[in-house]
Amino acid sequence: SILPLAGYSQDVKTLTSWDLQTQEDTVKVIRNGMDRFEAANPGFKVEDSHFANDAYKTKLKIAFGADEAPCIFSSWGGGPLREYIKSDQVVDLTPYLDENPEFKDRFMPASFTAVTYEDHIYGLPAETSAVGVIIYNKELFAENDITPPETWDELMDVVAQLQEKNIAPFALANKTKWPGSMYFVYLADRIGGPETFLNAAERAPGGSFEDPTFIKAGEMLQDLVKAGGFARGYNGLDYDIGGSRRLLYSGRAAMELMGTWEFSTIANENPDFADKIGFFPFPSVEGGKGDPNNVVGTLGDNFISIASSCEYPDAAFDLLMHLTDDIAVEKKLEDNGIMPVKNLEVDDPFLSGVMDMVADAPSVQLWYDQELPPALAEVHKDTTQQLLGLSITPEEAAAAMEAAAKAQDSSN
Amino acid sequence: MAHRSFKLSRLSIPVLGLFWLAVTTLPFLFVVFTSMKTLQETYTNPVWALPESFSLDNYIRVIEGSYLTYLRNSAFVITISVILIVIVSSMAAYALARLKFRFNTALFGLIVAGMIVPLHVTLVPVYLMTRAMGLYDTLFALIGPYVATSLPVSIFILTEFMRQVPRELEEAALLDGCGPFKIFAKIFFPLSTPGISTVAIYNGIMLWNEFVFAYVLTSSPETRTLPLAVWEFQGQYAADIPTILAVVTLSTLPLIIVYAIGQERIVNGMMAGSLKG
Amino acid sequence: MSSAEIAPTESGHRQSSRRFRRAQKVAPFVFLAPAVLLLLVFLLYPLVSSFRLSFVSWNGLGDGGDFVGFQNWVRLAHDTLFWRSALHNILLAVFSVVVQLPIAVVLAVVLDEASKGSRILKILYFLPLLMSSVALGVLFKNIYDPNFGPINGILSELGLYSWTQDWLGDPRLALASVIAVVSWQYIPFYMVLFLAALSSFPREITEAARLDGASGRTIFWRLKLPHLQGTFRTAALLVLIGSMRYFDLIYVMTGGGPENASEVMATYMYRTVFASFELGYGSTIASAMFFIIMAISIVSLRVSQRFETEV
Amino acid sequence: MTSITLNNVEKSFGKVTVLHDIDLMIEDGEFCVFLGPSGCGKSTLLRMIAGIETVTSGDLRIGGERMNDVLPSERRVAMVFQNYALYPHMSVYENMAFGLKQAKTPKDEIAKRVQIAAKTLQIEPLLERRPKELSGGQRQRVAIGRAIVRQPAVFLFDEPLSNLDAALRVHMRTEIANLHRDFPHASMIYVTHDQTEAMALADKIVLLRSGEDVLTKGSIAQSGSPLELYHRPKNRFVAGFLGSPSMNFLPVTLVNANTEGATVRLASGEIIDVPVDARTLSAGAPLTLGVRPEHMVPAPPGTDTQVIRKVVHSIENFGEHSYLYLSDTPDEPCIAKVADDVLETAEGPVAFRVRPSACHLFDANGDALPYLADATSRTFA
Amino acid sequence: MTSITLNNVEKSFGKVTVLHDIDLMIEDGEFCVFLGPSGCGKSTLLRMIAGIETVTSGDLRIGGERMNDVLPSERRVAMVFQNYALYPHMSVYENMAFGLKQAKTPKDEIAKRVQIAAKTLQIEPLLERRPKELSGGQRQRVAIGRAIVRQPAVFLFDEPLSNLDAALRVHMRTEIANLHRDFPHASMIYVTHDQTEAMALADKIVLLRSGEDVLTKGSIAQSGSPLELYHRPKNRFVAGFLGSPSMNFLPVTLVNANTEGATVRLASGEIIDVPVDARTLSAGAPLTLGVRPEHMVPAPPGTDTQVIRKVVHSIENFGEHSYLYLSDTPDEPCIAKVADDVLETAEGPVAFRVRPSACHLFDANGDALPYLADATSRTFA
């Protein structure tokens, strides 16, 4: 509204909601849940705002800093959410969930990890389950007689083969740094298993970011760079304006390691091309301790939470339920989104593949940049970008992470 | 000898002129041409190729979206802000240029020094104030910061301007029975129109493109201004470069028109600021 | 005609005189109040509160944060990334002065001489400043795109494949690439400034010089350029201040990367506050920025006054 | 009711005193011209009367009432500025109406007064124009019109003609004279440094001086009717300032003095009689003889008394008259202004006759010796 | 070698022709003044000679050589601009040396020439100063110095005195006259719209006209010596332009004409003889009689021939002389300029005698009827 305070009569109670969905169809799904909530709760009105990716974080941060957060908000869970939780700005959902056990039990248990802090749950998975997979151009693979690799060595062979044909193996748009971080996270998980990271992050005894696992991961990542694994400009391209996807579309690059949301993005953006893609899990690393079935990603990302400043937390929780109930699940599925609920029937081959991967995964590792406390996450993203740029050694990167982690720890 | 060097400089001027014309307009032509392409074309044809058919579909799509709302929002905020900037800064400039009071020069220095404040410093406090005043997510939230951050340079330009108004006019008005307030309203304000239009156009351009405050202080689509819209479209259409560039063109167009109309004034008005360093 | 008029009484004189003096006394306050108030609220208060926060460790959430004395400032002193950012600002400033101003001067001269079509030229030359930074970001990310962008495209078309570059992804080039766009964007502004100054250049002087046998080049170097020096000084100061607090295009084009290669103080501060959640330290950076800009402004004013030759 | 009196008025800017010891009385309806070299304080004096400048000390009265602290708009004065100071953004009508509007005069009264003034000044067709669409002369009329509509007791003019070219100047001068005739009861004060203007317009000229002299001798060098100043200058400053080319000054020594007058001898030996009272001085005292160029009349051959002999160095012909340059040091010029054209220079010195009544004598302080008789003006019939 | 010839020169700006049919010959060493009302094209003509403005058509020759397409710097001309156009950031020395440097003159030669010029102009102590540290008069000398050092064949001046105050103007006029004396072989062209300046300086005056007339009658109204223009104006424009106050024009009808002259009758019946050739006209033809104010001499009582009778409307006294206003319509003024002061106005009309030789007759086109005798100038001894 242009005029402040204009237009609403006294008895209308307003719930504000922020999320970072800007695709038209996705927004429709969300709005549908809200409309149903409004119908069920006369007198309430939901004011929804939708923001584009990166700057949303800034916005949310300022809002919380000012103690003026929206009633319900989306986040990726992990570190940033924990900052808000620590400063008592997020409503603990545990009591509500305990009151509605069947509602709660619909969700896969792993889907709460990213929003759990000291055994309390602060958010509900509301979007899609996204895990990192390698998307590839089936046509290109077929033309060049390449089959999806299963191990790192095979991947390196594929890289070499594609190189020969003058096709860039991977498209990467790492201006925002998190896309490149995925490779590192997967490698570290495959090499050392999830515990190595957990210990380092939690500052558990023996845990360290200078663990050989991280150094090895850095080395392998740099091997991939040196082998010409990435299309030109990878550290400067902007994912948000499709810097990497364009490489795929044009056939200049064959693969992209990306969250599974990429399927629907591609389907929206370039329906013709969507038919050409396939995916395969991140390859295993010979001698690695991590289970090759482990995945990196989030279940149900984004998560929706309630800010403590919300005047009507009960109503807000009801809204959350409307946004994640069975109708919502169904609608979301139509929009190619998989909510992490049990026994979901999926026709789409991509989605059912993803479902299978998640179901089989012994562990789901949250993206580091979301898991780690924000300042540390920045260091992680910075060092990974530097690793990709070959401007520091894996040892230096590890040392920088460890130092930052220690500083972070002591200041808390 | 003398003949030749004379001719040489004659020749170099148009050459330089054309070269720079290419430097400024080619990127812009790229924007316009690309905005008329289909998405498919941008993947298959070379980027600098002409569009296959000069299609306005992208524009239609943008205009049928919320573009007009954003345009209206921008126009609304900028109009009010510019009016306030003009009023507030011309008042201050008059006092600084012509009224005698203690610390006049010191105050002028301080105000002009406002130009060096890094604007991002003000984000969080301004956000807090906006919420406190209940203006958050209204277009009015933008007006305060827009006006305040534009004041130092505006006051600087207008003060120089008003110093050039002949003293006799002031004295004539004094004899005609005007006090300081009327002298300002009836003489100085109307006489500073060249300076005022410079200030208005200059700040209009800067604010039309302002992003950070707009981003932080508003949230719903109904309050979005054009730069935000570009940003939002970028998210919405992701790699649909032609559509994004159509948005870019549409959001720049109003400024081009305003500038084309007001450019003589801005060149003349800049004299005040440029002559006295 | 008679010159008779109802003469006001003496006490009437005194009264209106008193009212007038009062108006005169309050006028400065009334005229300045709105401006001063706005500046206090929207510039000074934030500045001061940011300075206060520089002594606090705070993630910006909840209340307060802890007073940590000079800890943030000590950290800043040892923060190589901050100093690197500052260096980048200085590079930006220096390049802007040596690139933007000379080109702007030349363009102003071109426009000043080009009588034909100079009106349309003035508009076209001004285009860059009319586009928002967000739009320019989108535009130049595309133009610089190493795979699809027209720059590399044209270069390889010309058989100069080896000249093609990863303009924004290569840490050695990123800053330069961004500076080029910043310059492109702001040259029109200074062009207008110089154009205004040139239009006040007396025509007789050009004519006297031509009678004296001076070539067009001599007239430019020996006469017009010195005439512009006052404007040049103003412009240089504006460029300096602008460069030291520059944010927009860098943020949208590279976000300070890759590998911090194009990080400047403002983007670093922004990231510290809004990505790392370190409001205290971010405020320290902001305050440092303010002091650095102030110092540079004062020094450059002094220096330029020293070199000032009377015109 | 419109007389202006200044008593012992002084004006300082900070430490600098620019006007000192001003005693002045301007009668009802008198046309008074302030004349003087640039920077002598003419404008300042005028502006003090207008109220735009404060009076440092002394009394300023208009129509008998003390005005030192009265607002400019309430002094019943109207001013015409050197550059007219028309409001550029208002039409001629609005310019003239502005002051009345401020005084809350009723609309139809304003319209009436403006119409009458516009008619008097013949600028009715211009009422809708902006100042920049007017010629110099028209602008001036508007400026005068703006003054007229206020029906002031005193008109003040600050060099209103100095921006005009020569022809227009003569024309506008006539209009100002007409104005004086049309408003016989309003006093007029007119500032100029052009003596032709001063002579043509003034009932009374107040000649101001500048520089160090102000503090010792006061600012007013002489005040009186134009002819008084021309024929009976009180001191060398006044004598030198009025008349073009300037009065010639020649060093002489006193030969003798009596009630009939004084006799002086030039350095070159010629003897001149001057009808002034020099009896307080002793013979041999060094004096300065003043003779105006137009009073140096070529003597018929054989004339011997009351002549000055000088070599002609160069000649300027103006058709109507010619200047003969009789001195080769440009700093101490001596010029004779003779009628008609002079095409050939005579060899050797030429004799010029000077009427005794056209001669002036100044003592070492530059003060004129008192004149004995008054026989210079004549009635023409 | 320094003569300047213009043959049928024309100048147009776009479609507007401002100078038309200019034929002009300026001799070696002649001092030629371009005079005319504002906007008549004086500056344009000068600038064409300098080469700053192109010649639209016709021939321009300097020293016999065609110069239309020669660069300004190679025409051997030097120009002094109205506002001097000194290079503001260069010292006086550099200002004067600039042109020589451009011409690659050796350093010591430059220094020598500047020194000599500076000495001539008495500006040696100022050589290190910047223009803005100089007074108006000093600036002008520097501008002249800049011209002198180039040892030009032709000096061009564009209203060099118009920015100065009256006193300085007279002084600087003398300096320019001296310059002419010091460089007897250089031609000088001097633009002004001040006739006093023109009369004082010129060997030859070229009086230009403006407006519609240019296309039908050409731009040059008359060219000749100052006295020729004063005494023998070829047309009404010239007659009215020179002299201050302007010549009086009175409508008359031709009574008869013979070899001795013409006799005309005023509307009021007086008969006047004028020594001009009017034999081509028939009696009764309407003509205009021109008489300068200074030639209207009050007639001794009883004079009946060659008199004009007029009522005196008002008087201006200037001490030296007085103006009698003989007309009450300011647009058709009639003035008599009489010696000394006039304090009282006579009742009824006054008779003024006019010498036949001081009368002019103009036909309906404004052209002067040819003069028969030449007896106006006299030698003075």
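As written, the chain order gives the labels A, B, C, D and E, with residue 1 at the start of each chain.
Heads up, the rule we're going with is that a contact is a pair of C-beta atoms (placed from the backbone, for glycine too) under 8 Å apart; a residue touches a chain by one contact, two chains touch by 3 or more.
This structure is a prediction, so every number in the text was calculated from the model and none was measured.
A.B. asks: Going only through chains that touch each other, what is the minimum step count from subunit A to subunit B?
C.D. replies: Counted as steps through touching chains, the separation is 1.
A.B. asks: Across all chain pairs, which one has the most C-beta contacts?
C.D. replies: Summing C-beta contacts for every pairing gives the maximum at B-C.
A.B. asks: Averaging over Cα atoms per chain, report the distance between subunit B and subunit D in Å.
C.D. replies: Going by mean C-alpha positions, subunit B sits 56 Å from subunit D.
A.B. asks: How big is the gap, in whole Å, between where the Cα atoms of subunit D centre and where those of subunit E centre?
C.D. replies: 28
A.B. asks: Between subunit A and subunit C, tell me the centre distance in angstrom, where each centre is the average of that chain's C-alpha atoms.
C.D. replies: 38
A.B. asks: Going by the contact rule already set, what residues in subunit A reach two or more other chains?
C.D. replies: Those would be 58, 62, 65, 241, 243, 246, 250.
A.B. asks: If you look at subunit B, which of its residues touch at least two other chains?
C.D. replies: Each of 2, 6, 123-124, 231, 234, 241, 244 in subunit B touches at least two other chains.
A.B. asks: Enumerate the residues of subunit E that touch no fewer than two other chains.
C.D. replies: In subunit E, 71, 73-74 touch at least two other chains.
A.B. asks: Could you list, by residue number, the parts of subunit C that touch subunit D in their complex?
C.D. replies: Touching subunit D from subunit C are residues 1-5, 7-8, 10, 12-14, 16-17, 20.
A.B. asks: So in the complex, which bits of subunit A are touching subunit C?
C.D. replies: 57-58, 61-62, 64-65, 80, 83-84, 86-89, 174-177, 231-238, 241, 243, 246-247, 250, 252, 373-375, 377-378, 382, 385-386, 389, 391, 411
A.B. asks: Touching subunit A in the complex: which residues of subunit C?
C.D. replies: Spelled out, the residues of subunit C in touch with subunit A are 57, 59-62, 138, 141-142, 144-148, 166-171, 174, 254-255, 257-260, 270-271, 273-279.
A.B. asks: Flag every residue of subunit D that touches subunit B in the complex, lowest number first.
C.D. replies: For this pair, the touching residues of subunit D are 47, 50-52, 71-74, 77-79, 81-83, 85, 87-89, 98-99, 102-103, 146.
A.B. asks: Help me check something: in the complex, which residues belonging to subunit D touch subunit C?
C.D. replies: 2, 63, 65, 69-71, 74, 76, 116, 148, 151-153, 182-183, 185-186
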